[in-house]
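Several structures are given next for inspection.
Look for chain A in each of the two complexes below; its partner is chain B in the first and chain C in the second.
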Partner chain A sequence: MSPRLAARLGSGLFWAAVALILAYMTIPALVVLMTSLSPSELLEFPPSGLSLKWYARAVSYPDFQAAFANGLIVTAFASTCALAVGSAFAYLIDRYVFPGRAALEAVLSSPLIVPHFTTGFGFLLLGAGLGIGRSYLLVILAHVMLVLPFVIRSVYVSLRNLDPHLERAAANLGASPWRVLSRVTLPLLLPGMAGGWLVAAILSLTEFTASLYVTAERTQTLPVAMYTYIREYTDPTIAAIAALLILGTTALIFVANRYLGLRRILSIDAH
Partner chain B sequence: MKHRVPRRRPFFLAFLLPSLLAAGLFLAALGDVLQYSFRTFIPGSLDVGGFTLENFLRIGRPIYLSVLLDTVTISVLTALFTLLLSYPVAYALVRARRDWVRTLLIILAITPLFTGEIVRTYAWILVLGSNGFVNSLLKDAGLITAPLSLLYTRFGVTVALVQFSMPVMIILLATAISHVDRNCERAAANLGAPPLMVFWRVTLPLTMPGVISGTIVIFAWTMSAFSTPQLIGGGKVLMISNLVYLQGLSTFNFPFAAVLSLLALLVAMGSLGLIRPAIRRLERRVALH
Partner chain C sequence: MGQGAAAGTPPFAAETAVELVGVGKSFGPVTAVRELSLAIRRGEVLTLLGPSGCGKTTLLNMIAGFEEPSAGRILIDGRDVTEVPPYLRDTGMVFQSYALFPHMDVFENVAFGLRMRKLPKAKIAAEVMRALEMVKLGGLERRRVRQLSGGQQQRVALARAIVLRPKVLLLDEPLSALDKNLRAQMQVELKELHERTRLTTLFVTHDQGEALSLSDRIVVMSRGEIQQIAAPIELYRHPANSFVASFIGEINRLPPARCRLSGGEIVFSLAGIELTAARRDDLALGDGQQVHLFVRPEHLAVAAEAAGGRNRIACRVVTHVYQGTHTLTRVEAGALGVLQLRVPGGAVIERAPPGSEIGVEINLDEAVALPD
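Moving on to the complex of A and B:
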């Protein structure tokens, strides 16, 4: 076999392997889409027809409606609180050295490492101790902690890329620190803050494990309601919701890639 | 009006207080777990008794040890298979010549990360179930007559966990591969090394820090996975997270649930703590060559 033929064969085999691996990653989502459109209550492949009835059932099921509303409330408060706390903290670690800085940074980024069930269980105990039970407040507090590391990271990166001359120029021209912050720093940070908020919102909306511990029936979020449904029923209603979530996130990723450039964000462009 | 000397640290206290509050809250939650782990369980009551070490000794019982062993085995296997399957995709993602191929690869590779664990787990129930996708396919092809039991097995749990872990691993590996200086590879090729040898002796060693940190991250991540073993394991495959849930929210044995969650926390922190020393040693070795 000539070396050139061997190289082409090798590259063909490599791409075949990549295609197979990607199929393994993607097939579950395709199976969900297929199931969601099936008219039958039992799982069947291939589906015997096309129907949107599971979508109609999913959006009209009261538990899901309530849970979706709960999730929006929790996500709105949690990601906004996290944005405020996280941006302020990112500003501090970018600008100031103070005793305990490293320790504080370690604690605030530790929710990434601590298993979500440990965090959820801890907040469950804390809620009982504080006498707030499994209220919205407790769910929001737990979610703030879980998404905070992502907000801090996003805003910190924007702060690093900010041209310090702009702030210095404003200060030299007589702007007060507050004016510099609100008229120069904040507008320049907006993209980083928006990105951090969006990631926080997606993570909070889809968070399940910790939420299972800190929510009660009255405060349960959509993933918890879906979990309860999966344990009790086997019809494709969940497939319809899952399909909506898959299509929604895929669209979001396309948009993010179009306007932000995923490869640049993840710094995986070849050198 | 008196001129105020501008403070050296504008906004310092105002910006520090919310962070302190958040950190305090999180430490209080973890502190509660620690505190409960030393208390006596009173069956039938949510209140706990006096201080004891008994909860820690209870881990030593064979049933709990076998859950720990299963957890570690599944996590190690998941980390290794995730590495094996992610490396080719990451390599293709960085090195593909056509731009649209790279874009397609990154979108396919990353999307599963954002759909949430319940959606991903449910998808695998549909794929692995006894009337599911795989069994229907095999039955139609005439390869099997009775459905294979894939759900409720360690195999099924691992297959799903590997798919969940791949996006993170692909991102970490792609970053490492994109930082490889291609002149090193070209030099090896010019000296007559065939492509596989270039990969084995140049590219792979240069991406080793990414390989190691990725594998450890996925190991720690899998140790704390909950919904996959819960739904795909269906009570037949128990990982430490499922035991915490059973003890905490079914039996209401908060003290033992606290001990188990502390243990999971320690394993996660311990394994991630290994990353930096391991990579430093490796970088020293690569530099020596």
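Moving on to the complex of A and C:
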């Protein structure tokens, strides 16, 4: 075998492997997408035809509409609260050395380790104990905690990438500490904060496990409503709403990557 | 001025722009700057020169207000600013990394300080344009700073500082990030800029070439202490100690020598040979004193014959480093060790190839003798 043929074969194998991995990662979403286009009354794969009627039903189904609205309310409050709290914590961890800093960092990233099931169950008991039931407040509290590590991470990375000389330069040019913050620090952290907010929003919109515990029928979010639906019906409406959720999330991530540079936000630049 | 005496602070001379009085800085057990006093004269370029870790940047940061001194007072224009936060000190700093605001264009970077002072819009625009013209960046005011070359960023950083006409301009190794040719060009421009603005300037560098060509006076620092304060020529010709002698320019350090006064001459006996120098005012040496002789490479010459004649020693050529206008030749000089010669042109490379025997004449007329 000539070296050139070997190289070509090698690169062929490489691309085949890449294609396999891509297929493996996207197959579940593709199966759902295809099923959602089926004209059949039952969930079937592969679909026997092509129809958009389940999409029409999905967007007009009152439970889904209400759940989507709930989800938007919960997400808006949860991501915004998480952004405020997370930014403060990120600033604290980046700028100050204090006893218990390592412990604080560990606690703040604990939602990555504790199963959502446990978190949801804990908040459910807490809600009952505090007498706030399964209200919006409880759902939002649970979601803030779940998305907090991602917001902190995003803002923290932006802070790390911020040249500390910029703040000194601003002070040297006559900017008071407040103006250094408002004219230099915050504008430069903005992409990181926006990215953190967006990641939080996507996670909150699609969170299911913990939400199942802390939502009531009145406060249920879209993934919970979908779960309730699939327990009662077996038509492709569920596939259509799932497809919409996937497409919506993809669009959000695409926009975030395009305008905010998610790659830059979520990893520390080497410069 | 001179209002200080009544208030119990030291009298402050009008020609002094910045004064450090017993200023020192320790970080925990580590002393970065030993307590020292220093005055920067109005309108001069004073350079802090020293190897990294000598405390020069710490000193600069204390004047700007980024570091708090552990001891002493700092006065700018006669006002004690030791407790004053950086944004009220009116110093203009140019950072090594330039520290330009990446979210603003060139104009906004230069305008930043003027906006902080709440000047009227028209005045800001005029001042910014004038400063940009001064650093030869006219027409680039709407560029993003990321789109600029290193040299251009450097100029923006300069314009941003000088536009405020600070009481003292603080330059923290501003040329070290530039490549060699650009650095030489910026040295000339910095000099011209100073001619025009006459801003009191404190320049921090570890590059002795930069220090010699830009400064009115140089403060040589080592390990948090001032070694010598002098004009560049003075520093080069009369280093106060062996640290300064070896840090400024190239120099040959000869083995310890014992002096003997003989008529109009001083005879140095070292390593079994004798070197003689005419008596000079600045070589106030006693009979029998132990000294180290320091000789610049340009004061060593290739002699016509290998031996004989005054201060002539036999050497073997080790290497030549050709530098265009001159050649740096290293020779093995027996008991004197390895010596470096600065020979004009490049003819010596063919005349005395490595390994050949030559005579080297040591001219002690400008040699420095420092006590052992």
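Everything that follows uses one rule, which is that the second predicted complex is superposed on the first by the 220 of 271 C-alpha atoms of A that agree within 3 Å, B and C clash if a C-alpha of one lies under 4 Å from a C-alpha of the other, contacts with A are read in each partner's own complex, and residues count from 1 in each chain.
The definition used in the following text is that contacts are C-beta pairs under 8 Å (C-beta built on N, C-alpha and C of every residue); 3 or more make two chains touch, one makes a residue touch a chain.
Please read all numbers here as calculations on a predicted model, not as lab measurements.
S.K.: Should A:A216 be classified as contacting the first partner (chain B), the second (chain C), both, or neither?
M.R.: A:A216: touches no partner chain.
S.K.: When the two structures are laid over each other on chain A, which of chain B and chain C touches more residues of chain A?
M.R.: Here the partner covering more residues of chain A is B.
S.K.: After superposition on the shared chain, which partner residues are touched by A:L188: those of chain B (first), chain C (second), both, or neither?
M.R.: Once the two structures are laid over each other on A, A:L188 reaches chain C alone.
S.K.: Once the two structures are fitted together, what part of chain A is touched by chain B and by chain C alike?
M.R.: Residues 177, which sit in both footprints.
S.K.: Mind pulling up the chain A residues that touch chain B in the complex?
M.R.: Going through chain A, the ones touching chain B are 3, 7, 10, 14-15, 17-18, 21-22, 24-29, 31-32, 35, 42-45, 84-85, 88-89, 91-92, 96, 98, 104, 107-108, 110-111, 113-119, 121-126, 128-129, 141-142, 144-145, 148, 177-178, 181, 202, 205-209, 212-213, 223, 226-227, 230-231, 238-239, 242, 245-246, 249-250, 252-254, 257, 262-263, 266-271.
S.K.: Name, in rising order, each residue of chain A that touches chain C in their complex.
M.R.: So the residues of chain A in touch with chain C come to 163, 165-166, 168-177, 179-180, 183-184, 187-188.
S.K.: Quick check on the complex: what are the chain C residues that touch chain A?
M.R.: Residue positions touching the partner: 64-66, 85-93, 95, 97, 99-103, 112-113, 116-117, 160-161, 164.
S.K.: Help me check something: in the complex, which residues belonging to chain B touch chain A?
M.R.: Listed in rising order, the residues of chain B that touch chain A are 6-7, 9-12, 14-16, 18-23, 25-30, 32-33, 36, 46, 85, 88-89, 92-95, 102-103, 105-112, 114-120, 122-127, 129, 131-133, 136-137, 163, 166, 171, 174-175, 177-179, 181-182, 194-196, 220, 223-224, 226-227, 231, 241, 244-245, 248-249, 254, 257-258, 261-262, 264-265, 268-269, 272.
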